[in-house]
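Given below, in the form of structure tokens, are the structures.
In the two complexes below, subunit A is the common chain; its partner is subunit B in one and subunit C in the other.
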Partner chain A sequence: MDTVLRNTRPTAKQMYLDPRTKTLLCLTVSFIMFSGHSTGIMRYVLPCLAIFPLIAFVILKKPFVAVYYGTMYIFSATVPHLMMDYCPPIINALFAGMVAIFTQLLPGMSMFYFLILTTTVSEFVAAMDSLHISKKFTIPVSVMFRFFPTIREEYAAIRDAMRLREVGSWRNPMKMLEYRLVPLLMGLVAIGNELSASALTRGLNAPVRRTNMCPIGFHWQDAVAFSFCLAVIVLFTLSAALGW
Partner chain B sequence: MIYMKEASFIYENSINGAAVTKLNAQIPKGQAVLLCGESGSGKTTFGRLVNGLIPSYYEGEMSGDVFVKGKDIRRAELYELAPFVGSVFQNPKSQFYTLLTDTEIVFACENLGIGKEDILSRFDGTVEALHIKRLLGKSLFALSGGEKQKIACASVSALMPEVFVLDEPSSNLDIGAIWDLQKILLTWKAQGKTIIIAEHRLSWLRGIVDRVLFFEDGKIEKDLAGDSFWAISPEEFHNMGLRAYNRFAPEKKLKTGGHGKIGLKDFRFSYKKAPVLNIPYLEIPQGAVVAVLGDNGAGKTTFARCLCGLLKKAEGSLNYKGKLYVGKKRTTLCYMVMQDVNHQLFSESVLDEVMLGVDISTNTEKEKIAGEILSALDLSAYKDAHPMSLSGGQRQRVAIAGAIASNKEIIVFDEPTSGLDYRHMMEVAQNIHRLSSLGKTQFIITHDPELVAACCNYFIFIENGAVTNSGGWTSESIQVVADYFDRV
Partner chain C sequence: MEKQKNNKKLNGKDLLNTGIFTAIYFLINLLVAAALGLIPVVSMLIPLVSSLILGIPMMLYFIRIKKFGMVLITYIVYGVFLTLAGVGIYSLIFGTICALIAELILRSGKYQSANRAVLAFAVVSIGANANVLQMVVAGGKALAEKAATYGTDYVNTIAGYYERGWVLPVIFASAFIGGLFGGLLGKAVFKKHFIRSGLV
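So, the complex of A and B:
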């Protein structure tokens, strides 16, 4: 029978990459973007990294996300600089600092979204297994992959309920937050409990080595991605240590 | 296969389930056993004693013995029981772990470390046996409740256990999906599996079940053979608190004369350019209780959301007492009681919940009105209670009270009785009667013939997004609706 379980190589859905490679990419981009300074050679490296999520979204055919990311990044990277000269210092201190941090965080966050988007629970568990990482870490993290869509579903239902009751407008933000979060958390806790009961009756905590039915393994694409990460890390080290 | 002697269990946290006392039962291999009884009678707890969730997952005090295939469940770990006992639960939303149907089906096999080739052949066999080829390669979030439930069955089936424990698997399903589930159970039965199923809806299990255990207050009151159970009369079923099967016969007629009309004009909605709803004109008598009937995916929910003004891009206008309501405006006129009523309770006490909607400035005035609404709905005794501490039926009434407080004239119920026993179903019917006597117009989306019979006096059929039939009860329309509920 034709099934993804019989795939032997990562497909377009996984962006042709091994989950471990993607994890490394995600970590590299978020770490370097966050701790790198735009001086010396890093002046050219950082924009390269910032463009990376954009390319990923385009390849994955997510035009809306790509445009959204691009606009947000360009806005946070340019607008504060342009405004700086015309604003009082107090606003600059508060506003510019925040936006600057945002510029550094945004690519990392987008890479994380890219990781979630292209990696399934099984692939993630398989990748972590092959790195000999304990189930105690893998299982809670793997549930997260499944929980994002659940949160979205539950949240949409609650938003409908609030619209029907005509409560929780922006006029009273604290109330609005309460009305949204309390039912959301209640619902998620219930789903979480039922989910773990169901997973446990299917042997989730069995002490045996888990079989992994998804294709993981390295190919030339991974080699390219690895060299990219390596190059970035080397440049970052040179720039930090020797002031290149 | 299953041996239970003097088994008792009390939950440490009573929210988790109903206690059982001194259960004695022996279930041989290959028997299909139905567990029935009112909510809170201990059916679910019995199932959990078999699949080992008690005492491994739910904490509490246990005494007596339970052996499943010779294993003492008090000592066995859940993963040791997993290859022998497969469990399917009530809520399709919360029992899949991965995101894709294919990976979900082999999830349990992977966990237990079964070899790759073996898993692939089990996968093929399961997909073949349960006829779910159509669902492969899909995201679980894109499936309907019935389809999710099929995947849940497939996931346990792939382990090839000898015992299946199903806890109200049909609660959230429509009629078509229930017949599919029936086919799956028949497949398992033909394979000689032992089946233990707790259920409220009974008619679909005729022909599957060999034996019935009737629960009352945590005890097995009756232990009957299938034939003698099905011979019990519908009245007796109701006395036992069980759902019964009757040919559909509505009890309420629309009072003739003196009705205003509610006019729905040009209700249209498209999703990704495909039309989902298209109602050029529809008239409903004001104050009617309208059953909204039709298969899953026919557009009932879209109709309801459109009616309530929840769909931004929906077209159409509603004429109520000569006033036109367009788009979002309709949220001021209409209210929906959701299937999961927990989503719409926001406050810390029942009284606060109702006062939230009252649009008057002075607090004493507010409280007076809220008090009146609460007493009309028989909730005065609970006015300081937290909504989440109430029973399901009471919670639904609190949501209704909120709707009345904000002067909603049209109230839509989305599957209000899925997974309810007879008594609780009648409680919902009672709530609907109350709203009728207040002059509200109601739309009830439901697959429950007993509920329609008990409280609806008008109906509309939705097929492919269009209203194909509507009207009050006449001998012809009763015939049509009865045939709809009876079709296989």
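So, the complex of A and C:
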């Protein structure tokens, strides 16, 4: 009997994929984008990989992210080539290499963003659990995701307070660093203590395996994604080894 | 906590602490990289500046560490994040190695010595900033590809910038020095604020 609670199929919010599949996709895209030459057969494979995050953002209905990613990629892929002839060599020497790297970095970073966007912390923990990855890795990571918004919130409050008192400006960076970082750290350590008390009450230290109700499991869409990754890796190996 | 003082194994509270400081580490690194990374020449300063600023939070973390493994977990998590984000696997490999060395340094002082914590942070800064290596490798590779299109003149100009032998050692040395000064700064701040306020 399928109820809402025991639903094992990933929904649209998770891109219909298992977190492990998404991790593999993310790794494949970032590695191949970074280490693949755009020669031979890879000339067609690399754009396919670059377009993948774009498709993902469109399916997730994130038009702004999709447009932003597309514009940035097209900009960094074409503009330096067009400007190359009109710029003095020194500017080319400084910027062209950097922009070339950026073209390779962008898809990997977008895939990482996609991974975070579509995976909740408990899904992530459940997936890592089924891969038998130690708690020593999963607890810090889940705490990190819990903490990113908190850090932002705390920092905004401290920044306002310091502006009100006119303490530390850009003219005095050391002072600014001290009077913003120190209160931030004090606040965060206090929050951390409370958080750990609450987590321990809920059995974080318990030696038993954590149960969950997350839709984790492999389906045909995961098989498609896996074969896509496999195909890309095989093509990459072929092009690297045989010079296709 | 008092009850488990003799317990050498990491418990939930230690892991939570690790997560909190890894989050701070990751965010500040990201901010520094975003602020400086836009300008090519200045981006070579990222290791120096980020290690310098990170000295303050990391000293608060390193000095309070009493068990083996927390530094290691921090840098493994950081490295895995960077690897997934496509910045390259070098931070994971070298970060893990340097974190192991740092753990041994901390352990040799029996987790009591603040000076050893400074040294450990300086060592670990080198490993964490090894992703620069990826930039250099990929930069060279991307340029080699373009040699056919843009002619050798142009490529020679840029290849010189990336593949000069002294660039890498200088970057790693700057990470170490940044870590050292950041650590000393952090130690001073630690004494001035955190001990006085009774946080520790």
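Basically, the second predicted complex is superposed on the first by the 192 of 244 C-alpha atoms of A that agree within 3 Å, B and C clash if a C-alpha of one lies under 4 Å from a C-alpha of the other, contacts with A are read in each partner's own complex, and residues count from 1 in each chain.
In this section, contacts are C-beta pairs under 8 Å (C-beta built on N, C-alpha and C of every residue); 3 or more make two chains touch, one makes a residue touch a chain.
Remember, predicted model here, so these are calculated numbers, not experimental data.
Once chain A of one complex is fitted onto chain A of the other, the partner contacts of A:P149 are limited to subunit B, with no touch recorded for subunit C. When the two structures are aligned on the shared chain, A:S76 is found in touch with neither subunit B nor subunit C. Judged by the touch definition given at the top, the superposed model places A:T118 against neither subunit B nor subunit C.
By the touch criterion defined above, A:L195 lies against subunit B and subunit C together after alignment on the C-alpha atoms of chain A.
Looking at the shared chain after the overlay, A:P140 reaches subunit C, while subunit B stays out of its contact range. By the touch criterion defined above, A:L181 reaches subunit C but does not reach subunit B. In the overlay built on the shared chain, the residue A:T211 is in contact with subunit B alone; subunit C does not reach it.
In the superposition on chain A, the residues of subunit A contacted by subunit B and by subunit C overlap at 143, 146, 178, 182, 186, 195-196, 199-200, 204-205. The residues of subunit C lying in touch with subunit A in their complex are 10-13, 15-20, 22-24, 26-27, 40-41, 43, 53, 56-57, 60, 69, 73-74, 76-77, 80, 83-89, 134-135, 138-139, 141-143, 145-146, 150, 154, 157-158, 161-162, 189, 193-194, 197, 199. Every residue of subunit A that touches subunit B in the complex is listed here, in rising order: 1-6, 120-122, 143, 145-146, 149-150, 153-154, 157-158, 160-168, 178-179, 182-183, 186-187, 190-191, 194-214. Of all residues in subunit B, those touching subunit A in their complex are 51-53, 56-57, 77-79, 81-83, 85-87, 89, 91, 93-100, 102-103, 106-116, 119-120, 123-124, 127-128, 133, 136-137, 141, 152, 155-156, 159, 305, 308-310, 331-332, 334-336, 338, 340, 342-346, 356-357, 388, 402, 406. Subunit A meets subunit C in the complex at residues 23, 26-27, 29-31, 33-34, 37-39, 84, 89, 92-98, 100-101, 104-105, 107-109, 111-112, 115, 135-137, 139-144, 146-148, 151, 177-178, 181-182, 185-186, 188-189, 192, 195-196, 199-200, 204-205.
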